[in-house]
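We call the chains A, B, C and D, going by the order they appear; numbering starts again at 1 in every chain.
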Amino acid sequence: MKLWHIPAFGIDKLELIEAPRPKPEAGEVLVKIHAVSLNYRDLMVTLGQYNPKMALPRIPASDGAGEVIEIGPGIGRIKPGQRVAGIFMQKWLEGRPSAQKQHGALGGDIDGMLAEYVVLSESGLVPVPDHLTWEEAATLPCAGVTAWNAVVHAGKIKSGDTVVIQGTGGVSIFALQFAKALGARVLGTSSSNEKLDRARTLGLDAGVNYKQTQDWAKWVIEQTNGEGADLVVEVGGAGTFMPSLKAVRVGGTVAQIGVLSQTSEPVNVVPILHKQIHVQGIYVGSRADFLEMNRAISQIQLKPVVDEVFTFDRAPQALERMQSGAHFGKLVIRVA
Amino acid sequence: MKLWHIPAFGIDKLELIEAPRPKPEAGEVLVKIHAVSLNYRDLMVTLGQYNPKMALPRIPASDGAGEVIEIGPGIGRIKPGQRVAGIFMQKWLEGRPSAQKQHGALGGDIDGMLAEYVVLSESGLVPVPDHLTWEEAATLPCAGVTAWNAVVHAGKIKSGDTVVIQGTGGVSIFALQFAKALGARVLGTSSSNEKLDRARTLGLDAGVNYKQTQDWAKWVIEQTNGEGADLVVEVGGAGTFMPSLKAVRVGGTVAQIGVLSQTSEPVNVVPILHKQIHVQGIYVGSRADFLEMNRAISQIQLKPVVDEVFTFDRAPQALERMQSGAHFGKLVIRVA
Amino acid sequence: MKLWHIPAFGIDKLELIEAPRPKPEAGEVLVKIHAVSLNYRDLMVTLGQYNPKMALPRIPASDGAGEVIEIGPGIGRIKPGQRVAGIFMQKWLEGRPSAQKQHGALGGDIDGMLAEYVVLSESGLVPVPDHLTWEEAATLPCAGVTAWNAVVHAGKIKSGDTVVIQGTGGVSIFALQFAKALGARVLGTSSSNEKLDRARTLGLDAGVNYKQTQDWAKWVIEQTNGEGADLVVEVGGAGTFMPSLKAVRVGGTVAQIGVLSQTSEPVNVVPILHKQIHVQGIYVGSRADFLEMNRAISQIQLKPVVDEVFTFDRAPQALERMQSGAHFGKLVIRVA
Amino acid sequence: MKLWHIPAFGIDKLELIEAPRPKPEAGEVLVKIHAVSLNYRDLMVTLGQYNPKMALPRIPASDGAGEVIEIGPGIGRIKPGQRVAGIFMQKWLEGRPSAQKQHGALGGDIDGMLAEYVVLSESGLVPVPDHLTWEEAATLPCAGVTAWNAVVHAGKIKSGDTVVIQGTGGVSIFALQFAKALGARVLGTSSSNEKLDRARTLGLDAGVNYKQTQDWAKWVIEQTNGEGADLVVEVGGAGTFMPSLKAVRVGGTVAQIGVLSQTSEPVNVVPILHKQIHVQGIYVGSRADFLEMNRAISQIQLKPVVDEVFTFDRAPQALERMQSGAHFGKLVIRVA
């Protein structure tokens, strides 16, 4: 079979190689991968920015969907022919997180999904909703589950609440879709009026171009009659953290997800306490969260937004597109 | 009657003056103040560091306890002779916080308690536990309620959990007492071995002198078998924020309270998301929280820790003691 | 002004009388009532079944909406011309319930809204959403808030969850609308296929006629692949309590609201513990809940379902329609 | 090895037989059982009242503690020599309950612990606190975890809350100990003044003999200044359900555990809704709950209360003692 791996850090170092097809052992299943989606983390991994000490070579990409084609001994629930996706952290099945459960993330601690065939443990998979294409199903494991946890579990969003999304990447677009499905109002930021227009077709209630209106947090406060948002889905990282604290209401929630930007601004915790803000770090989620999200996606017939689909041999180009930041929604690589 | 006020910023500017005794109007009561306790905020207010634009003169101090001696028309529940304390934010009675409810804090937005007589609205008061002296009762409104909310509502502490306190100021010692009453394990930091010893007599399970062991967060991790604490009661402010994120477990809580220290270290949000930390800003609490805490204080017969009691005329010396940071527990001014 | 009152129990005893227009005192406002909606409780009050010892005469009806036309001294936020509705329990403003807060329900403990003019305290009112007619606004205080608390606070419903409603009365139809706005799947019961068809136009996913299919709980289990529903909005009362316990999933919620039916079946708590069911009694809700619901109603532009509007002089006929159980949604009396 | 089994229902039918020692397969461990504790459920199982269709013969008893003496292939964390107890439901590891997870309870759906040696899966065990004897450790799996979930997760008990326990059986005495460790006030009922006195030595704040004071719920209300208790740990079952609803405060919690008594009183749900009561069914708990409880037991050095220890050959006499209801705390059988 074919797979991409990282023999040394750098997009240009990525190699498409031939390797023996793996065999499922007891408790394992073999999945023929049909599509893989990319996250910003996959770019960082490839560039050596995620974990410079990562053992190489490594197969990148946490998110893939495919068909079970063989099962090892002792497999109960999963059957050949099932459409599945891998879960981001193979050991976080349910319950509260721990360092132990967080160890074992695909495409980071262990090999990922950018291969024609992958073997995973039975509990490392979930069935995917019937109405999704392979490309769509491949977008769920990291960006989908992260957005679900930000909106549903950290933000506890209900009809009437106001949610802020930042930009139009994978997590932000999923957060927009989930928040709208829950009856919330969604405000968004972008560097592009064109992307804001496209987000409006997905339900965005109002948008601001942060190139034209630099103090987007002030804009959020104005849009909420001076109160601030109930939830900010904070994907920007350190560089947008302080504006996010400004944009949220007294007693509101900042779902802290992002590592995109850095800052030289010193730590200032005063707004957190004076506004009694709830900052909740989100690192994807558990298998149980994934199942819960899938149930919702099926019920509301949500269609993930795919920006562009690349053929398997063009994986480096997909990562370059990620690096450009020009995408809207998810970048997908069609494997087979 | 006599009262202290701030005609201009500076401890040395504080004036003890004579003023007419106020009269309670409809819905109000007159309280003869017996004792006032100080918080770090009162020092900042006096020095002009809390709000440099504060209208002056201002009567300082949010925390005071005394006896109701006169009631205005329309007062139902409160009766002359009752022992009461004022609530920190006069408009936050219960429910979730809002900017509107947060406006109207004693000794900041409006005049405070450092006077022989004070008029407050009926809902701006709570009865204090019977077993407390006036000095002890005066310690509750800010430091007590803050610690209660940090331990009980933000941390949801139960038997078996581990809580970290920082230093031995008012909030930290209350947090120690509440956490021990709930069956938790408490670890503490201090610059003084003597203070750690004294904290041990109140139940501290283990302590570290951060002058001798600079990486106290590493010490916390060692003390918790590598896992980290369930809750850090973060009173240090920006300067201790990053170590607090290090000291807490994956999925744990940092109750963000403090403004004591600053830092030039840039914002780094990575630990928040990688460890899925819950940072909860705490700004005292509501009247309902105060009542709930008082019920607990009565049930467990908790005695607040009073460091030193100053006579009314020595209020400036009490603020200087606060400034020195040498205290253990609460500083109190006996009014009458 | 004119008002209806109950001089003695019985629909036929209701009297339309002339009385002096009340005057607002300090902290009060005068509201010109435009519409009143009925709840099953109003029928029970009129028949003497709610509280046989209720002091008479009593003005019935908890739910009314109208315009503020005069304000007493000391009124801050409310202004003449505002469109408002009364809150069900005049003393439950926010926070957890208590016996004290529950005392003072309109049209029960105190006089209600079936009058041309009503005086209420400023905190006893909330503004109503702009897009609602008077008839629609009048439906909110009891049925709307009850359904909101059942679905949002007891059930914590999110996209993908399954909710069961019973019949097509006011609470059930609001619960259907809120649950659909949150992206849930909704199953319903009725004695009429015609009503089920009408509910489908509001989003009902599947319905069962319990005259034709007596074991509706079994039907719910079949509809949920053997798992049971996440939430049953239990308006039937004792007579449907045991089937509701059967219809809910392991770990699911029964929002207990109803008193419509009785039973001679003995108490059996075994399903509650074996299925780890969460039974949450709901008794309308607080002023804060009402405001939160109104924000949602505005955001999702929800339109309450009005079954029939009666002129003011036909209030007894409206109660008879309630008694017949033939309605779908809310019965409203147009006052002016 | 020796084991007790149930070839036919009835205490007198129990047989002590010889059987081959089981061998651990992949993922399993062999435990040498030192002590077994009894629950009321074990009596019902033996009498055929729990599940009359249970396949026989069956080894009874869910609760046992012992030493790991052999491990099968693929065992990671557990080592020979470790002191462990089995978990009640072998498949409920963590997260919310489900019908699937609830299937597989020891001594019911599958064979139990009343044997010299038992093989369990690695995840079907937890380490027990170091300071406990074998007899004490054996009391934890069912009664301990049930009481922990009732007090901590259903009741969310904190210092100052009031908890009611019923009688002095295993769950009630654990609930007393946990509630006191959390700083709560505990009220208790019993048919025996002597038992109430003994409970006072464990921290019971006040007790009532329900033979002398039949309306114990009224007594609870008097003891709480007319308010009612925050939590009733309801072990009585249908026969005490209505008084428990009476004893709890508006908005309070009834943790529904018991099946001891029946009633012919018809279902009456009115108090549930009028008092907005939260009734939470409790069916033991998950492995994660057990670990969390053990951490607390270690921290507060809690010692379970053992009523009487029987030798292995006297297992039937232990069940007869259970049937008599004369015990205080837990009945234990010493196996080896």
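In the analysis below, a contact is a pair of C-beta atoms (placed from the backbone, for glycine too) under 8 Å apart; a residue touches a chain by one contact, two chains touch by 3 or more.
Keep in mind that this is a model prediction, so the values were computed, not measured.
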| field | Shortest path length from subunit A to subunit C (each step joins two touching chains) | value | 1
| said: Return the chains shared as contacts by subunit A and subunit B, ordered by label. | reply: C, D
| Roughly how many whole angstrom separate the Cα centroids of subunit C and subunit D? | 41
| With chain centres defined as C-alpha means, what is the inter-centre distance between subunit B and subunit C in Å? | 43
| Which residues of subunit D are in contact with two or more other chains? | 96
| field | Contact set on subunit B toward subunit C in their complex | value | 26, 93-96, 288
| query | Of all residues in subunit D, which touch subunit C in the complex? | reply | 96-99, 102, 226-227, 234, 237-238, 241-242, 249-251, 256-259, 262-283
| note | Given the complex, residues on subunit D that touch subunit B span 152, 156, 158-160, 178, 181-185, 292-293, 295-300
